[in-house]
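The letters A, B, C and D name the chains in turn, as written, and every chain counts its residues from 1.
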Amino acid sequence: MMFDTAHELFRIDTFSMVMSALVVFMTVAVSIYSPGYCEERTTFRRAVFYGAPWLFCLFSCLGVVSGSWFMFTISVELSSLALFFIILLQDPKAARLYIFSQLLGAGFLLTGTALLGALTGATAIGPVPGDILWLFLTGLGFKAAFPVLHFWLPQVHGKAPTPASALLSGFAVKIGVFGIARLVSPDTGTVLPFLGSVMAIYGVGQALLQHDAKRLLAYHTVSQLGYIVTALGAGTSLGIAAGFFHTVAHALFKGLLFLSVGTLEKVYGTKDLDHLGGAARELPLTFSLFLVGALAISGFPGFSGYASKAMVKAALYEIPNPLWYWALQAAGVGTVISFCKVGYFAFIRERDPGLRPHREHMPGGRKDLMRNTGMALPAAATLTLGIFPGFFAGLGGLESNSLFGMKDLLPAAATFALGISLFWILRKWFGSGKHEIPDIDTLISKGSRLSAPVFSILQSMNCGLLRFYIVAVVAAGLALMFLM
Amino acid sequence: MILLSYATAIIIFCIGLYTIMVRRNLFKTVLGLALMESAVLLIIVSSGYIPGGVPPIAPFSGQAVNPLPHAFTLTAIVIGASDIALALAFIVKLHRHYRTVDLDRIRGLRG
Amino acid sequence: MTLVLAIMLPLLSAFLIPFFHLARKTLSAGLISIMGLASISAALAAAYTGWYSPAVSLMGGWAPDIGIALVGDRLSSAFLLLTSIGSGAALACALEKFGGGPWRFYALFFLLLGSMNGILLTGDLFNLFVFYEIFSVAAYLLVAFSMSWQALEAGLKYLVLGTIGALFILLGTAFTFMATGVLNMALLAEALASIPRETLTAISACLVLGLTIKTGAFPVHFWLPDAHSSAQTAVSALLSGVLIKVSIYALMRVCYIFFLGTNGTVFLAITVTGSLSVLGGHLMALRQDDIKRLLAYSTVAQIGYILIGIGCASAAGAAAAVFHTFNHMLMKMGLFITAGNLSEEKGTREICGLTGLWKSHPVWVAVFAVLSAAIVGIPPLNGFMSKWFIILSSAGAGTVIPALVIAAGTVISAAYYLRILSAFISPGEGSSSGLPPSVPRKPRRRSISFAIVGSFALLCLVLGVMAFSPFFRECFSSIGQTAVDVEAYVGLVTGR
Amino acid sequence: MSLSFMIFLYVFLIATALVISAINDILSAVITLSVFGILLATAFAILQAPDVALTQAVINSGIVTALFLVAFSQTEKPECYSEEEEE
């Protein structure tokens, strides 16, 4: 019952082709970027650093073209394992958190798959019956950072080496989204739009408070995933197409943003927004590439983020509840504010005088060239998609012109105006001190102390006292008698 | 009579188990094991008993009791004795290290 | 005839070894390997017979209701194959380490082998108990063989708990005999259907409790970590890889034949025990510093997986359980032999002391990594496949909790195996501390052990990939079918 | 044999078992075990199993008791071991 017939092994359609192309493209970009970033000394570690992204690419491709939930889960697991090895090079603790969360997700998915097989006799990828939907949603939720299940994301994105962060945000979380897209059907209900709106708002809210640039971007990943999940939750074909468009767009611009922040980290040795600054003059090319990404994520007309968000909103018009629409609108304002914040603090204002850029990473060197080439690829794709969104609009049955109507341009302009003015008013507040509020990950690490009693009970069970062992045996026997 | 034997056997089995659970002396543990074993033997032998039967020894007249359980019991007696012998050997050897036969102090392996 | 030979040859070897020792004073390794090969090939021949033409051998020509029947069907064959591979590997490791010297060890080993084959082949409940006791006595003595205080204490605890388990099995047997008057398992399968409910409850509670103690499942697992961690490497590998599996066979055989049609709650109890085992074993393993003790607790957890498979009470569940049993034999024997060798090289069993091994023994560490990946359940390897089959069959039985428990267990096991591997790979204290580097001992050559462990690791990969092939799944599902098809078993033995 | 004798025997059997369990002195307990074995052998004989009764008498009351006594004498003198090694 693993997969019933051979034709279930693969399921190849437009969406899986687009996703495969996307992951190959991102891996190429990251591989070009990596030589400008890698500082591993031994051959073994360098091999992992350069080889693991391709392994990730291979298994992700397998995952998106797989035709059964079982194959999907296996491939996704293996792709997480590939990323785990890269993260392990830099931060073993984050790597462990990552792989544990992914394994747990895979466990839920496999359980769901097994129940699906038991209920329907097949595990073909596609919508599942309502009573086991929660297993699938929980499993995919670990990947796609649903609220509470997102505990691993900020920490892992923040600590991972930049190529891994770019791939994580660019594709690894998207596989979860891909699974959800395969899962949705018109009777999935309002749980997905609700979750998506919560994610969009919560992600932006946390991002505004962050001072670590990578962590900030990680929270934006949560927020943008919220857009995608909301769109998918609409359940219509337009919704699914919009979700895919935003998935692709977000992969490109978020990868780009992570890579540009990685450049700052290499040049200045920190990614703390309190210390950075003035990079626009020293690294003009990096700044302009960052600007492409920032404008795209904020939804500036002409960039991919604008078109995809317009399409998401078009999908939301199709379902009755206007709440989701306004939630995404509010998240849009937050996004503008937070990228004004990054742009202003990292690139424009005077930097902390104590911070000196590293010579070898300055413009003109080979490393800078590799990095900028790696970043130029997604930037070019972002611009292309922004100006010619016809392909994705066509998937959802829309004209590409309809995305540039007044109905969408006006809210975008209003969002920008509101966001920039709010930032200007509040910039002192953003600049001074830390305002971070603890997220679920710190709560979990605090809560892990609660498990101590379990361990002490277990340890006192294995106390070495034979008499106690025999009492346990008798108790077990009595329990057995009672049970029967 | 059979029912009586069963009741006695179960009581002795429980006494043996109780001894093992409660007494700290290792010899008592082994004695408890011996009691439990004897109780099971009693059950097996009495399960073959037929009221008014005669021993199943070659020239017999009338109805003999079932000889099968006797064969089992003989095997079980020998097995039980070897278990007890082994346990006693372990106790003697362990005593060299711990210098005690107090079960609650023999707990080097734990956790 | 082959069935009888599989039992008699090892027992004969066990009795001959003391005589050879008396005659020649030194026992050559060659002689023992010849005996081992003969015994194992007899077992394999019995397995072959049982697989292709299920056979019954009535000892002394008595009818099955009063005589002793030996039965070889596909379930026994699978386990015979398993124990042959496992005990062959353990024998090779022991021969490499000890040579032919300790004749007592080999006598016990062959005694164990013979009684093990007896358990796997017998079709009689009381005979099962007798073989089980011979087997257990040999096992107690093997655990205590090194005569260190740890080994003795572990042996004593194993003995007391094991004897209590055996007494419960005997009590169950006695109740069964009381209620039905027969002890042949096939006849019992029919007779048990018509006895009062209370008697059946007592019988099933006694048998299940006794066999669970011998299996080492969680609430009654206490002897297992002690015995595994205190015995010598070859014995630990044998204990975890083979002995436990024989107990699992006995549990499987008895429960499927007796209670499948009569008392379904037995399987609920087994599932609950299995789930508890998975959680308890993994959580305890997480807290261990001693590598062998950690592996022992990991065994407790893996037994839990197998019990969950058995508890499904379906052909698929039985097949999954057998597959996992097989895989666990490969993985855990490999891990124990590797860990034993590495810790002997470093002179410590503390995980934090086992550093810098990636530099000095890269191939051993690589093999350890593959085996632990398999036992954690990384997809293409066999551990994943069998866990997946278990999850699948437990979902088929309609429960989701065991499957989620397995998922949680996977995460915990990933945590502690990663800890071991990161200790192995970390550079160690030699480079930074001011102490003079300890004299590098010349690494002992363990080529046979390495060949065994390496081939086990390879087998893990091969089995994992093979699990996709229809032929392979056909084999295992036929084992599962055999296990749950009580009528066929009855028909085979009674000749109806 | 009459039922009343059997009842008497079983009561006595249980009583000796209780003594074995309760008594603190190991030596007395071992001797009581021997008595227990003989009583059990009698019970076996009454249950028409003379062969088992014989074996029981020899092994459980004879050999096992002897083993207990040997083991007990080996572990009887803890002081002498400790003194030997401390000096």
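The rule is simple: a contact is a pair of C-beta atoms (placed from the backbone, for glycine too) under 8 Å apart; a residue touches a chain by one contact, two chains touch by 3 or more.
Since the model is a prediction, treat every value here as computed from it, not as a measurement.
Looking at B-C and A-C, the interface holding more C-beta pairs in contact is that of A-C. In this assembly, the C-alpha centroid of chain B lies 28 Å from the C-alpha centroid of chain C. A separation of 44 Å divides the Cα centre of chain A from that of chain C.
For the pair chain A and chain D, the distance between mean C-alpha positions equals 74 Å. Separation between the centroids of chain B and chain D, computed from CA atoms only, is 11 Å. Looking at chain A, residues 459, 462, 466, 470 sit in touch with two or more other chains.
Within chain D, no positions touching two or more other chains are listed. Contact with two or more other chains is made by residues 156-157, 160, 164, 225, 287 of chain C.
Across the whole structure, chains are in contact as follows: A-B, A-C, B-C, B-D.
Those residues of chain C whose C-beta lies close enough to touch chain B in the complex are 66, 126, 129-130, 133, 137, 140-141, 144, 147, 149-150, 152-157, 159-160, 163-164, 166-167, 170-171, 174-175, 177-178, 181, 183, 225-226, 229-230, 287-288, 293. Chain B makes touch with chain A in their complex at residues 17, 20-22, 24, 29, 103-104, 106-111.
Considering their complex, residues 1, 4-5, 8, 11-12, 15-16, 18-19, 23, 25, 27-28, 30-32, 34-35, 38, 41-42, 45-46, 48-49, 53-57, 64-65, 69-70, 73-74, 77-78, 80-81, 84-85, 88-89, 91-92, 95-96, 99-101 of chain B touch chain D. Those residues of chain B lying in contact with chain C across their complex are 6, 13, 17, 20, 26, 29, 33, 36-37, 40, 43-44, 47, 66, 68-69, 72, 75-76, 79, 82-83, 86-87, 90-91, 93-94, 97-98, 106, 108-109, 111. Contacts from chain C toward chain A in the complex involve residues 156-157, 160-161, 164-165, 168, 201-202, 204-205, 208-209, 212-213, 219-220, 222-223, 225, 263, 265-266, 268-269, 272, 280, 283-284, 287, 378-380, 384, 388, 391-392, 394-396, 398, 400, 403-404, 406-408, 410-411, 414-415, 418, 422, 468, 473.
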